[in-house]
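Once you've had a glance at the structure underneath, I'll fire off some questions.
When the chains are written out, they are named A, B, C, D and E in that same order, and each has its own residue count from 1.
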Amino acid sequence: MGFWNFVLNFWTELGAWVGNVLSGWGLPPWAVNLIADVLGVLVLVVIGVAAVLIFTPMERKVIARMQDRPGPNRVWPYGLLQAIPDAIKMLTKEDIVPEKADRQLHMLAPILVVIPSLLVYAVLPWGPRIIGQDLNVGVLYIVAISTIHILAVLIAAWGSDNKFALLSAFRVVNQLLAYEVPMILSILAVVLFTKTMSTQGIVEAQTLPYFLVMPIAGFVFLVCALAETNRSPNDLLEADSELVAGYMVEYSGMKFAMFFIAEYVNMFASAILLSTLFLGGYKFFGLENAAPVLTPFIVFGKASFVIFLMLWFRATFPRMRFDHLVGFSWKFLVPLSLVNLILAGIAVKIPVADPRWEPWVQGGVMAIASLVIIAATAWILNRTARKLEGAPALKRIVAAER
Amino acid sequence: MTEFFFNLTWLIPLFPLASFAIIVLWTNRNRLLSTWIAWIGIGLAWILGWAILFLAWGHSSELTPPTHGYPVPLYSIPTGTTELQLGFQVDTLTGLMLFMVPFVCLMIFIYSKGYMNYGRENVDPRYSRFFAYISLFACGMLGLVISDNFVTLLIFWEVMGLCSYLLIGFWFDKSYSDPKRITPKQAGLKAFLTTRIGDVIMLAGMLLLYSQVKTLTFREIFSEETLHHLATTYAFPGMPWATLCAILIFGGAVGKSAQFPLHVWLPDAMEGPTPVSALIHAATMVSAGVYLVARSFPLFVAVEGGVQLAVVAFIGAFTALFSSTIAVAQNDIKRVLAYSTVSQLGYMIAALGIGAYVAAVFHLITHAFFKALLFLGSGSVIHGVEHGHHETHHGSHGHEFDANDMMNMGGLLQRMPVTGWTFIIGALALTGIFPWAGFWSKDEILADAWNAFQHGGHFGVSSGWAFFVWLFLTLAAFLTAFYTGRQIFLTFAGTPRTEAARHAPESVPSMTWPLIILAGFATFLGLFGTPWANQFYQLIGQKAEVLGEHLPHGEFNPLVAGISTVVALSGWFIAWLIYGREPLTNPVDPLEKRLGRLYIWLKNKWYFDELYMNYIVHPSVRLAQACFAFDDKLVIDPLVDAFGRFGRWLSEWLKDAVDIPIVDGIVNGVGSVTAKFGEFMRATQTGKVQNYLLVAAVTVLLLLVLFVVRA
Amino acid sequence: MLSDYHFIGVFVLVAIAFPFLALGIAWLLRPKKPNPVKTAIYECGLETIGDAWVRFRAQYYIYALIFVAFDVEAVFLFPWAVAYHRVGLWALAEVFLFLGILTIGLVYAWRKGALRWQ
Amino acid sequence: MNVSQGVFILLSAVVLIGAAGVVLHRNLFRAALFLILSFVGVSGLYILLEAELLAMVQLLLYVGAIAILIVFAIMVSRQLMSPQFRDRNEQWVGGLLVAVVLFAVLAFILLQVNWPTAEAAVPEDAIAQLGQALVEGDQFVLPFEVASVLLMVALVGAVIIAREK
Amino acid sequence: MQVPLSWYLIVAAALFCIGLYGALSRRNAIGILMGVELMLNSVNINLLAFWRHIEVARGTLTGQVFAIIVITVAAAEAAVGLALIISAYRHRKTVDVEDMDLMKL
């Protein structure tokens, strides 16, 4: 049984084994911890970077497939390793810095972009005890750290001293700010149910995946995640037709790559976060207890599914105009998430005698209420749309076209 | 019961006062109503008066003057620490006066309705005002009579003075062509001023008395110890207080009762309407002086053989003789009576002077009745003659016809029988013929004088003085009889000398009835005072223990009675000789031929008027003008100017010395200081936020350091 | 509890080291041939006009304002969310009031057209 | 001198240097960056003080909201910030003096006073306790509600002021 | 709790004084605002230091709540302050505090 146990709890066993080896070497305990930490960090960073390598070609393949074209297929079989030549290209391209720009700031921006995206991985849960560091304020940590990304954008724009960069920076920042609020509110709804902010705790509490319990929060979080990573419908940033490459216009070479890496690491992190909060994290119908060794793969599976969704969105949805984008957040998402929060507040307070049945009952009530709300919003949207149709402005436009 | 009525004495003067007020305020327009209100007022006073009178007589034993009056406290004036008690009292003396005064007033009120021609076209335009004045006068007299202290006495004394002035000058718009004749207005003023001189003297006496005794009520003054105190203490060497005060108070009596030096106003007071003369200048007011001396008699006798009795006696006797001589030469019917009144008052004062207290009061009462009768009679005569004059000379007011002049009368007995006979009764009473009142009262005075001469007078009166008084009074009696007879024969006997006299009608009944009643009294009143049953002595003489030994009892003295009767009859006979034998036709007085220059001297009233006018009035006027001139030119004007100049100079100096440098200086100074301070503070407001922040930080720092240092 | 953050500390250091490492490697490998054209500011090939000043729209600032307001609100709500199971229902009412007041602000901005993009 | 004291010194150095940068640096944007650096340093201090919620709030609010506002403001008024003229007004000497003296006095006081410190472990459910404190009826519910009113008012006010007519 | 309380207080005091100097001497309005933010941060450090060293033993949480409130106030202040600065800049094209002295007498 030792072997199965070893296999099943492979990851925890691995950790323990490394610890024993180091202490075996006669290192003082703090050194042991330190090294263990460093190894843990390295593992997480590798996962992050690997995500970039995996998802870049995946994205290009998926979108190509959706647009009925083959996508990169030269490198290795089916272009799967397309990422490596890109990486090499990035490394070797010349780095140009506009002479009037502030050199230090120009250098600082790419660094600052990557740091937050990496730091997020510290808190993401891969298994029952397989996590970088389970902080009490886990979710808040993630949100806090992701704000640095906004600063990086501003610094990049300011550093490159380019009008387009500045304009796009303002827009991107506003977009980020706008979508951060509903994201936080939806996270709050989750935290209400899980009664704790630590990501590990959240997964433990999810007997029923919260996407079913509160689809609204799930939907809002998904949209915000997309906005945060400047993808899909709101990928205004590198919309070629709009503002060239936005604030990255003056960057080339590795600095540009940095932005690129940061974006993908961020995307993967938000995917994992979404799956943790709403898709049950590493839970898979009890599999995580049975074979703890598989939990990371469960998480990876769910995350890749989410990323697939994102790519899908990118391929299908047209790009939104900036003010619609921001307006959509403030005028639709924020009220919606507030309502959802209040609803969650009420649901959690429903008194249930048997603690075992509590999540199911409250979850059920919440789910039903959410459906009702969704129906209501749909009806309201329909009505306003009809009203707009009748609106004179719209009529004029239609008449003009005809 | 008696206390109840005695407590109502204060109502007596109030009734006529009320009627005066009502007439003046409301019923001024309605003559009938005014008359009736006046009558009711004096009627009520008369009834209440006689009720109190008879009750007083009932208790005469306890209520003898001068100290045992029943007090009716009225009011107390706080004078600093002490208080001056004013009030009324009832005793036998007031009782006597209450017997005479209201009754005579009532008779005169009724008489004056007719006299004022009520109901006829020539009714006096100021008819109701006359009644108001006489009601006020009645109130004054009644008040004086019942007052128990000098202050209320003085108050009512002055009210009477005022009324006499108003009533004498009643026809103030009448003026005579002959400038020498005195107009009513001037007569009123003259009466008022001369009585005022007397009043001032009396007031001085009262004040000195008060300074010594600290009270003015009769009861306290005439008590044993105060009299002794007054008698023994000396104002200045040789003059004890009692004598000094007595003489001064006697001055008031002289003024009011028109005695020797101040008698000039009474004859001229005849310018007023006759009822006034009767009321004021015969019965009541003039007798007030005598009543005053009677009331304060203990003061006069406080010093044994004091000079004050001598003064009183001499003045009284001399006035009696002197005025009777003037009366002889008067043609005006009312002036004769006026002078006879002065002489009779002289009788009373003389009687008091020789201590004949009871006789004086007795004569006062009787004289009031028959003198009122005589005056009303003369009034009726004048009224008739005037009426006759109007009858004959319709509307022709050519030369002035003087209804008063006896020369225009004559033979009126047939024309006016009732007036005539009542007038004759009055004359008989006046001259002291046997059964009439005058005989008893005048005789009692002469008897007392004679007794005083024979056995030495009471109260230290020297027998010499007594003889002097007796002599003068007897001569006066002779002259009284003479001029009264003259008057009777001139007016009633003989034939009417003028048309007016020939047509003079008898007066209306409302005038004749009072005459008859008064005539009745004139005859029977004397019987009360007969020596054998002298009621007056019972009433007021008995218990005057304060007066030391008994008052002269006045037993009948046949010698004196005989002499006086002989004298009176001889007076009548001579008058008959001159005037009665053949009726006088021409308006020239036969006496003038006999006496010649003496007659003119007497006719001009011994030139006393001119004397006073030249040696008193004119010099004082000149003195006043001189003072005014001096005062105005030399003292006041320069003083005022000086003040003016000084004021201007001061303000000028102030302006330069104080105002400019100091006040302006301060004001500007304050202004500039604030401005500079403002300027300085402005610098701190730089408008830069950080300066303020720095200041705030510095202060925090200082506080912190302070905290640290202190901790 | 503090020990948790050792890991975070290490992670921060590594996270900072990684980009430097990457840029360092790139810095080693890449050619350096600057010339004026390359270093000019890229503006669709045109010469840049004026300095890099762009007309700042107040609108951006207003969105930031609203973000700040709701961000602070979120900070208040986190502890509430965590402690929600231990406090009574009235906590919900209080938060409801809390959110209501803030949404007044949002509604105001909305009605005033501050959210509208001129 | 154990590990956390070392870390404390490191972090406070970061904070103070950042603050100095904010105050001294001519270029306002650089000053803003230094400000952000000092905010992060302060957040680290909070973690050292085991107030992890506050650390995250510090990061979220200061770095995420206020710093951005400041940078926005700087960008708005940026073309004036020509770095050449000294960004210091004439009363800087006074300011410096006051600051130094104030620091001296404060330091003196702080070292004098013996604070009633007491060793205690931070409870596990510190955050839940804080949540309860914020909402509990008898504790800090009023500041909680007033804070929302404050925010609303600030929001409305700022919107009115900043709006272009 | 190896780090004693006074260290924190000293650091906070230093930060406060630096912030004060910044507020007092900076010519640019935003510079002043940054100085004020620093001062507020030092206050927060103090609060939490006191909370950690004193209040934890007593179980009360006023330090932390106060810190949060201070942060909210700082946020509100920054928001309104910067709005003012921006509108001032828009009207008078300057952010230099020296020029803004209309309140001068």
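FYI, a residue touches a chain if its C-beta (ideal position, glycine included) is under 8 Å from a C-beta of that chain, and two chains touch if they have at least 3 such contacts.
Every value quoted in this text rests on a predicted model; they were computed, and no experiment measured them.
The chains in contact with subunit C as well as with subunit D are A, E.
The fewest steps needed to get from subunit B to subunit E, moving only between touching chains, is 1. Comparing the centres of all chains, each the average of its CA atoms, the largest separation from subunit C belongs to B. Taking the mean Cα position of each chain as its centre, B sits at the greatest distance from subunit A.
Contact count check for B-D and A-C (C-beta pairs in contact): higher for A-C. Comparing per-chain C-alpha centres with the mean over every protein C-alpha atom, the closest match is chain E.
The geometric centre of subunit A is 29 Å away from that of subunit D, both derived from CA atoms. Each chain gets a centre from the mean of its Cα atoms; for subunit B and subunit C, those two points are 126 Å apart. Each chain gets a centre from the mean of its Cα atoms; for subunit D and subunit E, those two points are 6 Å apart.
Chain centres here are Cα averages; for subunit A and subunit B they lie 137 Å apart. Residue positions of subunit C with contacts to 2 or more other chains are 1, 5, 8, 53, 56, 58, 60-61, 64-69, 71-72, 74-76, 78, 81-82, 84, 95, 99, 106. Within subunit B, residues 688, 690, 694, 697 each touch two or more of the remaining chains. The set of subunit E residues that touch two or more partner chains comprises 20, 23-25, 68, 71-72, 75-76, 78-79, 82-83, 86, 90, 97-98. Contact between chains, using the touch rule, shows up for A-C, A-D, B-D, B-E, C-D, C-E, D-E. On the subunit E side of its complex with subunit D, the touching residues are 1-11, 13-28, 30-31, 33-35, 37-38, 41, 44-45, 48-54, 56-58, 61-62, 64-65, 67-69, 71-80, 82-87, 89-90, 94-98. Across the complex, subunit C is touched by residues 68, 71-72, 75-76, 78-79, 82-83, 86, 90 of subunit E.
Subunit D contributes residues 89, 91, 94-95, 98-99, 101-102, 105-106, 108-109, 112 to its touches with subunit B in the complex. Note for the complex: subunit C touches subunit E at residues 58, 61, 65, 68-69, 71-72, 75-76.
Chain contact summary for the complex, subunit B toward subunit D: residues 688, 690-691, 694, 697-698, 700-701, 704-705, 708.
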